Amino acid sequence: MKKLINKVENVVRESLEGMALAHSDLIRVHFDPTFVYRADAPVANKVAVISGGGSGHEPMHGGFVGVGMLDAACPGEVFTSPTPDQMLEAARTVNSGAGVLYIVKNYTGDVMNFEMAAELAASEGIPVQNILIDDDVAVKDSLYTAGRRGVGTTVLAEKIVGAAAEEGRDLKALADLCRRVNINGRSMGMALTSCTVPAKGSPTFELGDDEMEIGIGIHGEPGRERMKLKSADEITEMLALAIIEDDAYTRTVREFDLDKGTWVDVELTDPPFQPGDNVLAFVNSMGGTPVSELYIVYRKLHEICEKKGLRIVRNLVGAYITSLEMQGVSITLLRMDDEMIRLWDAPVNTPALRWGPGSTAALSKPLA
Amino acid sequence: MKKLINKVENVVRESLEGMALAHSDLIRVHFDPTFVYRADAPVANKVAVISGGGSGHEPMHGGFVGVGMLDAACPGEVFTSPTPDQMLEAARTVNSGAGVLYIVKNYTGDVMNFEMAAELAASEGIPVQNILIDDDVAVKDSLYTAGRRGVGTTVLAEKIVGAAAEEGRDLKALADLCRRVNINGRSMGMALTSCTVPAKGSPTFELGDDEMEIGIGIHGEPGRERMKLKSADEITEMLALAIIEDDAYTRTVREFDLDKGTWVDVELTDPPFQPGDNVLAFVNSMGGTPVSELYIVYRKLHEICEKKGLRIVRNLVGAYITSLEMQGVSITLLRMDDEMIRLWDAPVNTPALRWGPGSTAALSKPLA
Amino acid sequence: MTLTKTDVLAWLKRVAEVIAENKEYLTQLDAAIGDADHGINMDRGFQRVMSQLPTVEDKDIGTILKTTGMALLSSVGGAGGPLYGTFFMRMGMAVAGKEELSPEEVLTMLKAGLDGVVQRGKAEVGDKTMVDTLTPAIRTLEDALAAGHQFDDALDRMVAAAEEGMKATIPLVARKGRASYLGQRSAGHQDPGATSSYLILATLRDTFKSRE
Amino acid sequence: MTLTKTDVLAWLKRVAEVIAENKEYLTQLDAAIGDADHGINMDRGFQRVMSQLPTVEDKDIGTILKTTGMALLSSVGGAGGPLYGTFFMRMGMAVAGKEELSPEEVLTMLKAGLDGVVQRGKAEVGDKTMVDTLTPAIRTLEDALAAGHQFDDALDRMVAAAEEGMKATIPLVARKGRASYLGQRSAGHQDPGATSSYLILATLRDTFKSRE
């Protein structure tokens, strides 16, 4: 195993310590339980947006804590959902009284842990909502599976919902917006190489020199299918068409009903893409793929979108939701309405995403 | 070879085409000869800052073209210096009349090609200056070598000089500033893995599972020394101490004398670091190392700088000057005076670096 | 023939050891159809349990099991954390205040734990999860006690059913949890959670039978 | 015994072929002590030369060589581009307007090319560069012609010296170019640029000797 790490047990902690030192103007890190939070939290009258998940997907989620995005992030061990005590303590820390929105990627572990956290937070009188992100079209049905995984759309939802929270929107409005982003986003990913979980010390799967995995998630797991390696254009076409031609997707998700104080089943349907749609195109490195290759993918994706009548109005190209050092790419297309575009463009100042007035170069903690 | 590419011959071109499509608000790409330039070039009364070098170091340099940084970048083939015709045509395109500063990394090929370009530009009446970046402390002397390589400080110089150019500083002042950044910056890098040049198709060097290369450049070449793999803390200490304890470094460089119209030898000396210095700490991924590991390195670097009395006032952590998909890290420390800090903080809006007023989310070329 | 507090403590300690011994194995199973962390997570969790048990060793069995569940919940993470956390917490609630348990109380305890797992995870037998081990095992224990078998004999039968249930996950296509993403590719691999559940139940039997 | 324009064109075409045949080899040499691109770069350059030669085939030798140099300069890149670009451009300037070259003119031409390389790159013999091939080779040609040897014999001697110079780079520690970064680690490897220079000179001899 070749990694820039010290003791395997300390990987998550030391990485967070380094991030806190590098971005002391924006974030703080709390340990035992572990969470990253905005340096200026709680922000008065603002709903707190919290996300979290296993580590190994950096910069997600800790790198998105800051102005205009997340109030807190709860990192678990590598590829392991965090625990309810982290989520609860994060909520207590960043809740201004306006409540907390948990953005949850749809994995059995994440869902169950965040549900328990929400129950605990609600029992303490913190207004709370859990919204799921389940956008991975590689998972075909929700009847015979745990449902679509939450992948690239998570990053986009955190930005858009974070901007709306910054504007002072209330918890219900933010939950609606987050759900809207989710049902309009679709993703699919592939791997050229496996990755190595530090605690395991060897690659999660073995791939031949001329093989790739299609339809992977973000936990270093094998995908739906193993194939012979293809060209970037062919790979892009495979991913993009799976996304663009995906049918309406309907599933039932559990959401917390604030008024009743119980879990309710909500049926959601993703409307398929249509010619004329405005989309954000997100080409994401799985961690080890350089940006030069991402642009080769973006080039083809642009061509395909044009052919299909989708207008790419915004884009994001880089390593934002990763699987450690895995080589590979995921594509996310998000149908955007004008409000979503405006919120996407709104200023953001986090370790990993920054633009607009108020965004700054990274400051460091001065000497004590 | 596992890469997201199509034909090996088209790697550079297709990647640039993708970048142009993703960042049509900021940049344009010209082919035959190849260069990337600001969408709004030439900017009236502004000195144009141009850099360039082999491809494979993305996002450098093309990703740094935009407001507050470079006016143009000339990408060569992978790891191969670009040619004088590219540099000349770029200069003609972005020169507003105020002249052109070429920022050149110190490699024999880059130096010779940029010298020929400067001669050609000068002969056309374009005021021109070449300033070298030679900051790699892994190269010990300049008597028996081609001199120190230009590595991490290049990124910092492009940002700082670009901001000063945006403020309207003249060519001579910018050349002075660029020289000042260079003599105050020092870097060193290491590799956990080799990388594969697409046209070659196999790794440049073979490294055992428990080996690493120390003192590498950015062209996938082996370094000064091969060692047994060490922990992140030990590696960081090795690199950081080589940088911090580096003696005064004196060498003679060739610069173009605008008044005489000839090349003159200039002797430059890097002053060693001193306790109390304000520094920018730059922890850079060689391409395949995830940001989580960079923060582990940053954590230790912060500790070492504190111990040595260096105050980290700014930092940059990410993949900015890379060697394709190589895993590894380089560290750059730049001694900053107040003016340099102010220029570092100034707004920038490029594909790869963006902050401050005027910086924006990535827009895409709308459908024709 | 009762399960004493000492037995319960011995069981938990032995589970911690068994999980540690099988850490690699469970992780390998999870690598095949999941994300290669089940053994690592369970081991971290039971280490946490071991560090917290001393504070409740002189409390009742209910408190000991609830503490175990809370320790797992706040240290395992993933799917395993809430499920095993719930399993032990519910068991603890079912035997609150007790210092020793009759065979029937052991059965009640295990059934409460399983109910919690099913409520939380909504898995059914055949979904290729820990439920495939727990459900037939606990049903077999119930039947054996009802048929008048000795407690240690009934435990043997429970463990045999647990093993069968665990092995029965091999040909299954997963419908719950992370393995379900693999579709047909999940067939041919034994489920890691079903395996850790088997280890936990087998250890209960072993501890009980090996006591002096 | 003159080198005609036809010979020069045949030489350049044959160099393009030889470089293509040795593309992998030159790149491997560069992988050992450089950045693994010398063969790729030179091949790209001579392909460009081949695509441009048709436009100047009916011009004089000087124009043909200058065009070759400019094509190399704008397509090879790296260190090789300006050096070989200069080499051919300076040769072209030295024989401007000529349709055929006497042995002495060939010598003058090569010396002008070498002077350009040394001015541009500032390397000396022993620095482990192409100059280690070019300098002894061209000096040997000069000596051989001065000693009255036949042109083809003199060319043989030149190529022998080129080969010796090329091989002499093996034990050297590089002091110029990218290989110099390796310090002692550069010893034991033959310099790629010295090798391509050998190929260019050997091809000149071969073309001249094999003409009808």
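First chain written, first letter: the chains are A, B, C and D, and each begins at residue 1.
Here, a residue touches a chain if its C-beta (ideal position, glycine included) is under 8 Å from a C-beta of that chain, and two chains touch if they have at least 3 such contacts.
Just so we're on the same page, UniProt names per chain: A, B = phosphoenolpyruvate--glycerone phosphotransferase; C, D = Dihydroxyacetone kinase.
Being a predicted model, the structure only gives us computed values, none of them experimental.
The minimum number of touch steps separating subunit A from subunit C (Dihydroxyacetone kinase) is 1.
Subunit B and subunit D (Dihydroxyacetone kinase) have centres, each the mean of its CA atoms, that are 32 Å apart. Centroid to centroid, with C-alpha atoms defining each point, subunit A and subunit D (Dihydroxyacetone kinase) lie 56 Å apart.
Among all residues of subunit B, none touch two or more other chains.
If each chain is drawn as a node and touching chains are joined, the picture is a simple open line. The list of touching chain pairs reads A-B, A-C, B-D. Against subunit B, in their complex, subunit A makes its touches with residues 2-6, 11, 14-19, 21-22, 55-56, 58-59, 63, 192-193, 209, 212, 229, 231-233, 235, 281, 287-300, 302, 306, 311-317, 319, 322, 324-325, 327, 329, 344-345, 349, 351-352, 354-357, 359-367.
Residues of subunit C (Dihydroxyacetone kinase) that touch subunit A in their complex: 27, 31, 34-37, 40-41, 44, 73-83, 120-121, 173-178, 180-183, 185. Put simply, subunit B touches subunit D (Dihydroxyacetone kinase) in their complex at residues 33, 54, 76-85, 107-109, 112-113, 115-116, 138-140, 144-146, 149, 197, 199-200, 204-205, 217, 219-222, 224.
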